[in-house]
């Protein structure tokens, strides 16, 4: 109700060129950058501070018990999911609800696959080896960062599921509004994937 | 607008889960005032222990049970809890929600002519997130071991090994941070997108500018604290050692269960990266309100309006690179210290500019000594003292002696207590007519002001002497030290000041509640002000403005030569 | 000796008072008693004076205090050990015994805990009092019991603090303000335990007929165990030896 | 006299009263120290006495700063109060629309900035550099390890050999070996622990600060020394005591329930007494069983 | 910045990652002689090229959409 009253909810502002939602999501992403930025800084701080040898030395290669193959697979999955996400938006832009929805479903499936691999094959494997976040600072930051990232993914899946299901009602009322929302979701999704693209090398490769 | 076809919403939709920025603003205001009062009660209790260490607290001493105050004598652990919670409640649950949540929410959309905030539902969510955070914080008093007791700064390893209250504190903080983040997104979008036609950025009232910069600070500074909070939660719940080095021996027990490898300094960096901008979050909106009130009551445009805006932007930017001046004593290298000391000196300049601009605005004005104006005027010298005493703390060499002493307490309280809180009172007296359509009683207001002003100085002025004498902060009983015992009489003065200040709020509380129902009815624009909020009816209806206003001029067109009245509101087309 | 007689009498008196009389059954008057003998280098375990200069308020109530890690009763023959907790370790099966209503007490006096060893039964309450005109911080370092960590900044703060104990192997309690100050708390499921005093003897009484493993625990020397069989209201003597 | 003038004058009086309030009590002295300690030096409302060679630098800086602050505040305050009185609203008085053109404020701001730059570059940085950059030569200095724990300061002297014994967490015993000294290390043989900080006068001191548990802050008010003690880090501070006497060591960082009672004493004495003390403190006295027990 | 612009940025970062990962995998193969690494490395480099091609195609397809 009040959404219709408020200016620039759907149409872009003539000066900024953005509708409110897009502006809002970008600001939100800016704060997310700071959140993950702080965690990346923590990673750097701890790694630089770690001694060369001894029990608190930074693990490398095999010592990390991380599988670069699984990590690489997950990276591929997330890149693909971003592509499907943007395709969904393009389809909605081209007024194609059915196709767009299909792409959204594909995105959600890929995201769930990512989380499944993360939990089933990576976390569980570590727990079987007796590795917990408390094992060392490396695993502490590994579990914290990937865990927080996985929560973001799950949050994204919930939002996408909403737009596949009940949220799609909006399509019939206001197509542009719906497409805008998909765009915002897409921006968030891209951000989350981008975080992974930074996480993957620093945790698995370096 | 939508007025003709919408039906009356239910009571809950209208007053509890409302999406109207005005209702949310009032919700914020009422909740935050309650918390402000609670935070003040905590310190009044602590002041008893400080003034009369180990003596039975009269009357209320026996209400707190064996774990906190056996026989009415405060225990050190309870004292520490009170200290930590006083800081947390005052900053995160009192002042920021009042300045940003209440005044920002209520006044800002009105000042820019918007019908509501850009995301009304998000606005509601941020209030309830704040409310939840507050409930968690309050509940933490009742968990075993009491509320968080590692100071509001929660330095690990102390906070890592602290009682359960600390975990609750962290959860509460996460809720509050979420609330602030959602709020700041909403504010920025609203200010940038929803300004009415003609209201360019440089026609915005200074208060709106202050809110904008504040929102940016909240948006960018809070997430690192959220990250730090998550890390500390991991330390406490999952047994990680982000902030714990190896080889700790706590109470004679070697901590073999932790892996070590972390650093206590890491927390300090993350924490102060937030907490220094937070200082400006506490002061900028207050400056904004004071600037508004000064301009209205001097009947004169604000002097150096643009310079003030540029200073504010600069201040906001600089506040991100001064954080380590809180850490001069952590053994940083001299080069890093020099860098942060330099940025600290630089950041003092925009503050000087803003303060100068405000005081020069008085020159050649026609000052009306209304109640809000008195509070706003009192803000200026109080903020000046607060700012000046920051100087010896910003220089590493003099900080050696003053760091973590009462001098620091005096310094930042002068900024936030007689400073910000006075600005808040000014704001309440100033916008009360807009919110209720009635004014607060003047006589009671003058009484409230005079006594508040006297007693608040009696509280904080002695702290500078105490700090010089070398009395550390957060001491349960300073008389164990010779240098502390020598200045114990100052503590007593300070404590009596605090209790008297408590009494001095009674006229305000009476005034507030009586005036809501029985205050003098006033017109929509009782102060003869120019900004848009005064063109709306009092109280403004849902949707705020009957017709969307259009703005033709800057915010402070007072005493324009040749005009018939001494003010021209922003939305008036031509002079009559 | 006189002292040991008094101790014995006192122990007997306490036992008779504290144990709620259960319906008469065989073994009510069973007693296992004995000495805790120390065999080792006396010179190695000299008691030392504790420097309390950190807190002048500790000095006021007493002149000097000595370390309590190892206290050997030099006047007994053979040498015996003080502050050893003797208890039935196994053999009682699933029997449940009534819990003493009497409150245990520990007082901080002269910056030492009096007594140094507190033995009690699960469910019994312990009252902690401050007899010094200074600040004490009581820090429990248990595994089963709650980890208490609280202060008593003033002398005789009303009634002190009461804590309900749970069964646990002896654990340390220390004062975080006075690092030399510590004591131990041992809590058992049953009432058959004793702490050796100046005569180095112990007495466990009133257990049902049966064969038991008894255990002696010392804070520095660890544990020793012994087997004892008892029936028909007899007195069994079982000395145990620590050989550090 | 109209109402606004009364209010204006009242405000000025209130300001003055408030500024004066704390000074009313200046000059009073409280009773003896409650804790029963005897501490040298005259403590009052100013800074504590200075007993170190370089402490006066810090004091001077603080004094200069406060005079500067006072001058600024008074000048600013005079202008402020003048404005309040001169430009109050009254019949026949109207505000001026045009902004004040005077450049005074600009010059004042530049002046303040310049003076701040001088304070920073001219005063603070040299003092900071002098106190923090170069430690005194090791051979000439008394070397002490300061180990903080909840809630106790431990002082570890290397003894005659001048080297500290190895320490490790595994050896820690709260009563006998608070620092976890490895007794098997030959360097540890003559090491001395104390809970009082004794130092010879007129000789530089290097204190290596470490903590066993949480963050503490090593504060010697009379030496103008303050340094956070951070677990996992070893931070040196140095100073030169020049005045004999018994002083206090305070903890300046919240470290737990009994933060306030984390206090130790520091004795500055001549070389001979210091040597005697060092001899005495290491000795363990036997506790006589018959002494009150 | 619209999703289009952000997607382009994302594609750039993805291709850089693919490139880096490709080289890392080939280096890994040379250090550990793990054949899988070589295959993945080459695949990754090919993926990098494909991402660039995809990016160009994407830009062409969305010619009409604003970057804002």
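Which chain is which? They are A, B, C, D and E, in the order written, and residues in each are numbered from 1.
Keep in mind that, in the parts below, a contact is a pair of C-beta atoms (placed from the backbone, for glycine too) under 8 Å apart; a residue touches a chain by one contact, two chains touch by 3 or more.
Quick caveat, the model's predicted, so the values are computed rather than measured.
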| item | value |
| --- | --- |
| Where chain A and chain E overlap in contact partners, by chain label | none |
| Chain pair showing more contacts of the two, B-C and A-B | A-B |
| Chain with minimal offset from the mean of all protein Cα atoms | B |
| Identity of the chain that, by mean CA position, is farthest from chain D | E |
| Of all other chains, the one whose Cα centre sits farthest from chain C | E |
| Rounded Å distance between chain C and chain D, as computed from the means of their C-alpha atoms | 45 |
| Chain centre separation in whole Å, for chain E relative to chain C (CA means) | 72 |
| Geometric centre distance via CA averages, chain E-chain D, whole Å | 58 |
| Intercentroid distance (Cα basis), chain D paired with chain A, Å | 49 |
| Numbers and ranges of chain D residues touching at least 2 other chains | 35, 37, 149-150, 174, 256-258, 261 |
| Contacts with 2+ other chains: residues of chain C | 135, 149-151, 174, 176, 179 |
| Contacts with 2+ other chains: residues of chain A | 18 |
| Chain-to-chain touches, reported pairwise for every pair that qualifies | A-B, A-E, B-C, B-D, C-D |
| Residues of chain B that touch chain D when the two form their complex | 53, 75-77, 80, 149-151, 155-158, 161, 244-252, 254, 260, 263-265, 298-301, 303-304, 329-331, 334, 337-338, 341-342, 345, 348-349, 352-353, 356, 359-360, 362-369, 374, 377-378, 380-381, 384-385, 388-389, 391-392, 395-398, 400-405, 446, 450, 453-454, 457-458, 461-462, 464-465, 468-470, 472-483, 485-490, 493, 558-561, 566 |
| Complex contact set, residues of chain B against chain A | 1-2, 6, 19, 114-116, 118-120, 122, 181, 184-186, 188-189, 192-194, 219-224, 226-228, 230-231, 234, 238-242, 246, 257-263, 266, 269-270, 273, 543 |
| Complex contacts: residues of chain C adjacent to chain B | 135, 139, 141, 146, 149-151, 153-154, 157-159, 161, 172, 174, 176, 179 |
| Residues of chain C touching chain D in the complex | 46-51, 53-54, 56-57, 60, 62-67, 69, 74, 135, 137, 149-151, 174, 176-177, 179-180, 182 |
| Complex contacts: residues of chain E adjacent to chain A | 1-4, 6-7, 9-10, 13-14, 17, 20-21, 24-25, 28, 36, 40, 44, 47, 51, 54, 58, 61-62, 65-66, 68 |
